[in-house]
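After this come two complexes, each holding chain A, first together with chain B and then together with chain C.
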Partner chain A sequence: MNTPLVTRGDWLVLGASLLLLAWLYATLWSSGGETGGQLHILVDGRELPPISLQQERTLAIDGSIGTSTLRIENGRVRFLSSPCPGQQCVHTGWLSHGGEFAACLPNRIALQIGGDEGRFDTINF
Partner chain B sequence: MPATRPSHAAGHTLTTTVEDHRIAWLAALAITIHLAESALPSPLPGVKPGLANIVTIATLFLYGWRTAAWVVSLRVIVGSLLLGTFLSPTFALSFSGAVASLAALGLAGLVVRSGLGPVGYSLLAAMAHMAGQFAVAYWLFIPHPALLRLFPLLMSAAVLFGLLSGIIVATMLRRLP
Partner chain C sequence: MKMLRRSLLLLLLLPGLISCGGSQPSLHRAQLLSLGTLVDVSLWGASPRQITEAERIIQEELDRIHTTLHAWQPGPLMEVNRRLAEGSWFHCPPEILPLIEQGKRLYRSSGGLFNPAMGRLVGLWGFHSDDLPGGPPPSADEIDRFLANLPGMEAIEIKGEQIRGTNPALQLDFGAFAKGYAVDRIIERLRSIGIRNAIVNAGGDLRAIGRHGERAWRIGIRQPRGEGVLASLELGEDESVFTSGDYERFYIYQGKRYHHILDPRTGAPARGASSVTVVHREAAEADAAATALFVAGPQGWQDVARRMGIEQVMLVDDKGNVWMTPAMAARIRFETAQKPRVTISEQP
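For the complex of A and B:
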């Protein structure tokens, strides 16, 4: 056969595919990191009004055994201190993704980030 | 040379044509590649070289769309039977990818008629396969927006491997008498 290995039509298809790829990356990867928008705080089983994670602030929340402090910055949140013996909540560290959770059980305070949806623990094919 | 070869079974005659034999040979080749490839580890679910695409595209160029459609269908069905995935989600993905790529090849053949070589067809088939498979995965199995973030990566793999097998087919067809 005398046709070239890659025809002009092939180049066109390749060009179009690369454009399509660029467009896909631009549209589907544009929204940056997956940040949950809102922080939900439960105190003794009651939910406080949701708080935005975009605004930098330190909160003091009164729980059953004392005051816990929370730190919100850069779209994430953590327990800074809590009057509990175990300090599990403080060691949980920063929460930034939808569905992530930290709780201080002795003080009966729980934090959860409400994303659009929680992340999957696992996906299996 | 006769165009048909009768085979006698259970008292009646089943005639097979030359085309039947050709389809069987090509399908066997495609199934072999399909099985060999399934043993390869994959970095991402849904990503594999798709080297059986080489057989599809070569068949399309040598014998036309109808034969290619037969070869692809047989590969998907027999391949899944041999791998034990028949009618499983994996099969649904494989099947939808095959239908999408055959549709793309058929459409491309109708629309452009000439000027498109194996590389172009292979790219179209690979991308349609991935897109069809992804659409079914998204709508049927995991309708979660996070899955969409995987799509550009999957399509990049499709373009890369489509290009690769297209070049293999183009090179191969040149060397055929």
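For the complex of A and C:
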């Protein structure tokens, strides 16, 4: 008896495999954590409630020597101004990926973007 | 076509296997604001008890180093400096002696470019202060007087636990490798409580052991000028990454930048480099080498790296050009939209 080389069942298998592949790609690769979602702020060793990076806003945070201003827009955050002499925190610029952090040591304020799968585990400078 | 059917079965099983496997990543990350330094610590696969203990160890070591080695506040190092200036033999506190011994070795291997004996010069430039100075810089006369009798680490003699100074201008300042020394001690103590996978990043300089689960730890190196990350690399099982940069402590006086990395040959801030990154196993050596290579600058860094046995170096000069050893070039990945001009040295 002659059976076709590729049966209906085989097409079904192929179709299911392709669907599965698409699902695997969507769940395992496309959400690779390229941008972080939550901002963690540490003030003098205490952590404030996490803040979403999706909502555009400017925050004023009181630290040890004065007020630091943070700007959140387009899923990223930066120190806009700080009362410290060195201004290293301001020069750090935008943080946008999970795991990135910046700090104003004199004012004892540290920022970190949450997310385990950021591009970098830590930053050297 | 049986093959195709079997593969369907495998594919259907796959998501189940994946979700059983890595659904509970056990990364613990914390920032500790210790005296003068922000410490970013990452631990992979540590138990809650180990995490608590690790944070205690880190806090303790940094506080200890800060109080023992503070260069301009009353404490053990200031007392040692006072007695070294007197010139007679005295008993060196056991927490400072190993630093002097290691400092002497690194001073010799760097040809004197790493010189923790010239604390007086650091003070002269105004960097012995919690606040940054605003200038003016010291006069040429003041610098010349200091250089005429430049103290080096050979001006400390050691006999057992006794030491003495032979140059009254000598004043120890371990700013260029205290952080590395502390990071080495922290990693040693973390290992002793069974932690196998960790990064301890003290104010931008770090040592990493083990891995982040199934993959290596990934490090970004910040741009010395401008914003964001210049380059990245994946670390081996036990490596330190230290960067010395002219952006860390500096002041601008009459439009000119004066930073804290001083050249013992000129008595002034070293010119030519913006940053030097060193990858090496021990953090203390990486720390001292980054300083010495920064001082050596784009012309002299290769000789100093060879003398110090440092194989992985990346120097960014004051024009933004990158200089690297072959070993560093083989693993570094640039993260900038436009790749900088890179020169790779011929010899490691």
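Going forward, the second predicted complex is superposed on the first by the 82 of 125 C-alpha atoms of A that agree within 3 Å, B and C clash if a C-alpha of one lies under 4 Å from a C-alpha of the other, contacts with A are read in each partner's own complex, and residues count from 1 in each chain.
Criterion: a contact is a pair of C-beta atoms (placed from the backbone, for glycine too) under 8 Å apart; a residue touches a chain by one contact, two chains touch by 3 or more.
Keep in mind that this is a model prediction, so the values were computed, not measured.
Engineer: In the superposed arrangement, does A:L105 touch chain B (first), chain C (second), both or neither?
Structural biologist: second
Engineer: Return the chain, chain B or chain C, that is in touch with more residues of chain A.
Structural biologist: Of chain B and chain C, C contacts more residues of chain A.
Engineer: Applying the document's definition of touch, where does A:R8 land relative to chain B and chain C: first, second, both, or neither?
Structural biologist: Touch status of A:R8: first partner only.
Engineer: Figure out whether A:S17 sits in contact with chain B (first) or chain C (second), or with both, or with neither.
Structural biologist: Once the two structures are laid over each other on A, A:S17 reaches both partners.
Engineer: Go through the superposed model and pick first if A:P85 touches only chain B, second if only chain C, both, or neither.
Structural biologist: Only chain C is touched by A:P85; chain B is not.
Engineer: If we overlay the two complexes on their shared chain A, which of chain B and chain C does A:E56 touch? Say first, second, both or neither.
Structural biologist: In the superposed model, A:E56 contacts neither chain B nor chain C.
Engineer: Where on chain A do chain B and chain C both make contact?
Structural biologist: Shared contact residues on chain A (touching chain B in one complex, chain C in the other): 5-7, 9-10, 13-14, 17, 20-21, 24, 28, 116, 119-120, 123, 125.
Engineer: Under the touch definition given earlier, write down the residues of chain A that touch chain B in their complex.
Structural biologist: Within the complex, chain A contacts chain B at residues 1, 3-10, 12-14, 17-18, 20-21, 24-25, 28-29, 34, 116-117, 119-120, 123, 125.
Engineer: Along chain C, where are the residues that touch chain A in the complex?
Structural biologist: Within the complex, chain C contacts chain A at residues 1, 4-5, 7-8, 11-12, 14-15, 18, 25, 27, 29, 31-33, 36-38, 40, 42, 131-132, 199, 201, 203-206, 208, 212, 217-222, 226-229, 232, 241-243, 245, 247-250, 277.
Engineer: Report the residues of chain B in contact with chain A in the complex, numbered from low to high.
Structural biologist: It is residues 45-46, 89-90, 112, 115-120, 123-124, 127, 142, 144-146, 148-149, 151-152, 155-156, 159, 162-163, 166-167, 170-171, 173-174 of chain B that touch chain A.
Engineer: Please give the residue numbers of chain A that touch chain C in the complex, ascending.
Structural biologist: My answer: residues 5-7, 9-10, 13-14, 16-17, 20-21, 23-24, 28, 42, 44-45, 85-86, 88, 91-94, 99-101, 103, 105, 108, 110, 112, 116, 119-125.
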